[in-house]
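Both complexes below contain chain A, partnered by chain B and then by chain C.
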Partner chain A sequence: MDVIIRTIAKGIFPFIILLGFFIIFHGHLTPGGSFPGGAIVASGFALIAVAFGIKRAEMLVREKTLRIMEGIVAMIIVILLLYESFIREYIVSEGEMFGFWSAPEILSLNVVGGIMVMCALTLIVFLMIKE
Partner chain B sequence: MILVLFSIPLIVFALLTVYSKDLLFSVIFLAVVSMNLALLFVFLQAPDIAITEAAVNAGLTTLIYVIAIKKTRRHEE
Partner chain C sequence: MILRSVVLYLCIIILFISIVSVLISPVFNNWESRDVARYYIEEGAKETGSANLVSSIVWDFRGFDTLGEETVLFTAAVGVFTIIVFGLKLTRKMG
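Right after this comes the complex of A and B.
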């Protein structure tokens, strides 16, 4: 791509990642959650991959790393759900309302799901470019 | 009233998407349609759907269409 797209992509990439992780980490307080936040982070990586080419994007995160991370995160989400539903036996905690640490269980599920969505969508874009 | 005000550019850009000969212009018009739809969802008091629409349809789908056009031809015959 040309120099305008490259300059804008280089400048706007950290802010896209920051917005995505903000939406993931505030999923229990504000609208949004794991899926929109993960899609925003994945679109940031896809923007770098379209503007600079697949080699520059693989310097940030490699395809093999994405596959391994997605598998590990899926294992973690299964373990978390089993722990929450069979060992603690209730899923919503009683914290201070509307604080950041008001529901750490839902926060952990949101973070794990957001990382899984980010890995899956980035992997789709990378495989489509390599095809 | 405000729904009509946001629905008119939605229809106009959707027609431009269908009838444009350059496929890259079509993709950009589709992103504009998506942003209009997200604004409409905000005014209909569904901010969750608005965030998802803006993230997936205006961000990720546009990039996937650009990759697909880059691998095939740009102009429609």
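Right after this comes the complex of A and C.
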């Protein structure tokens, strides 16, 4: 692509990833959560793949890694959600309200779901660009 | 034949009227009796510890629904992977 697009993509990529992970990790406090955060992180990888080509993007994260990670994360999310839906009665929350550790279960589910959304969308974009 | 169609239309009209009358009846429009929605708002933050009520509903009260949502996403990724990797190989082999 153009040198302007490449320079801007190189400069803005870490901030896109940072924003996405901020939204994922603060899903229980601020608007957002796993789906928007994962989509933002995936859009950062898609930006790199469009600007620099798929080979440079696969230096960051390979397609095989995404595949394996998505399978593992899907298994974890099924176990966590089934546990949360059927076994656990209610959460005894540890931290104070509005704090970062106020909802550890929702925090962990947000992180796992965000990684899964990120893997799925990035995998789809990479596969579409490859073919 | 005419009698048959008249009876059919009558049945459809009666069915429609009964459905509408059930939907607008005060049994289903009694806001005081919606205990589940009221419980989510009043006790959701206290019980899950999450200040974001949407997050507490999506991941906790309706966790099984979210499981299906994640399954849809996973199926989409697997479907794209299957079509692109195996489908193109198959068409190249055939054509």
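Here, the second predicted complex is superposed on the first by the 123 of 131 C-alpha atoms of A that agree within 3 Å, B and C clash if a C-alpha of one lies under 4 Å from a C-alpha of the other, contacts with A are read in each partner's own complex, and residues count from 1 in each chain.
Rule of thumb we're sticking to: a contact is a pair of C-beta atoms (placed from the backbone, for glycine too) under 8 Å apart; a residue touches a chain by one contact, two chains touch by 3 or more.
Predicted model, so just to flag it, every value in this text is computed and none were measured.
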{"item": "Residue contacts with chain A in the superposition, chain B compared against chain C", "value": "C"}
{"item": "First, second, both or neither for A:Ala120, with chain B first and chain C second", "value": "second"}
{"item": "Which of chain B and chain C A:Ala42 touches, first, second, both or neither", "value": "first"}
{"item": "First, second, both or neither for A:Val50, with chain B first and chain C second", "value": "first"}
{"item": "Which superposed partner A:Met128 touches (first chain B, second chain C, both, neither)", "value": "both"}
{"item": "Partner chain in contact with A:Pro31 - chain B first, chain C second, else both or neither", "value": "both"}
{"item": "Residues of chain A that lie at the interface with chain B and also at the interface with chain C", "value": "31, 33, 124, 128, 131"}
{"item": "Residue ranges of chain A touching chain B (in the complex, touch as defined)", "value": "23, 31-33, 35-36, 39-40, 42-43, 46-47, 50, 121, 124-125, 128-129, 131"}
{"item": "Residues of chain C defined as touching chain A within the complex", "value": "45, 47-52, 54-56, 58-60, 63-64, 66-67, 70, 73-74, 76-77, 80-81, 84-85, 88"}
{"item": "Chain A - residues contacting chain C, complex", "value": "27-31, 33, 67, 70, 74, 77-78, 81-82, 84-85, 90-91, 93, 95, 97-98, 102-106, 109-110, 113, 116-117, 119-120, 123-124, 127-128, 130-131"}
{"item": "Complex interface listing, chain B residues touching chain A", "value": "47-48, 50-52, 55-56, 59-60, 63-64, 66-68, 71"}
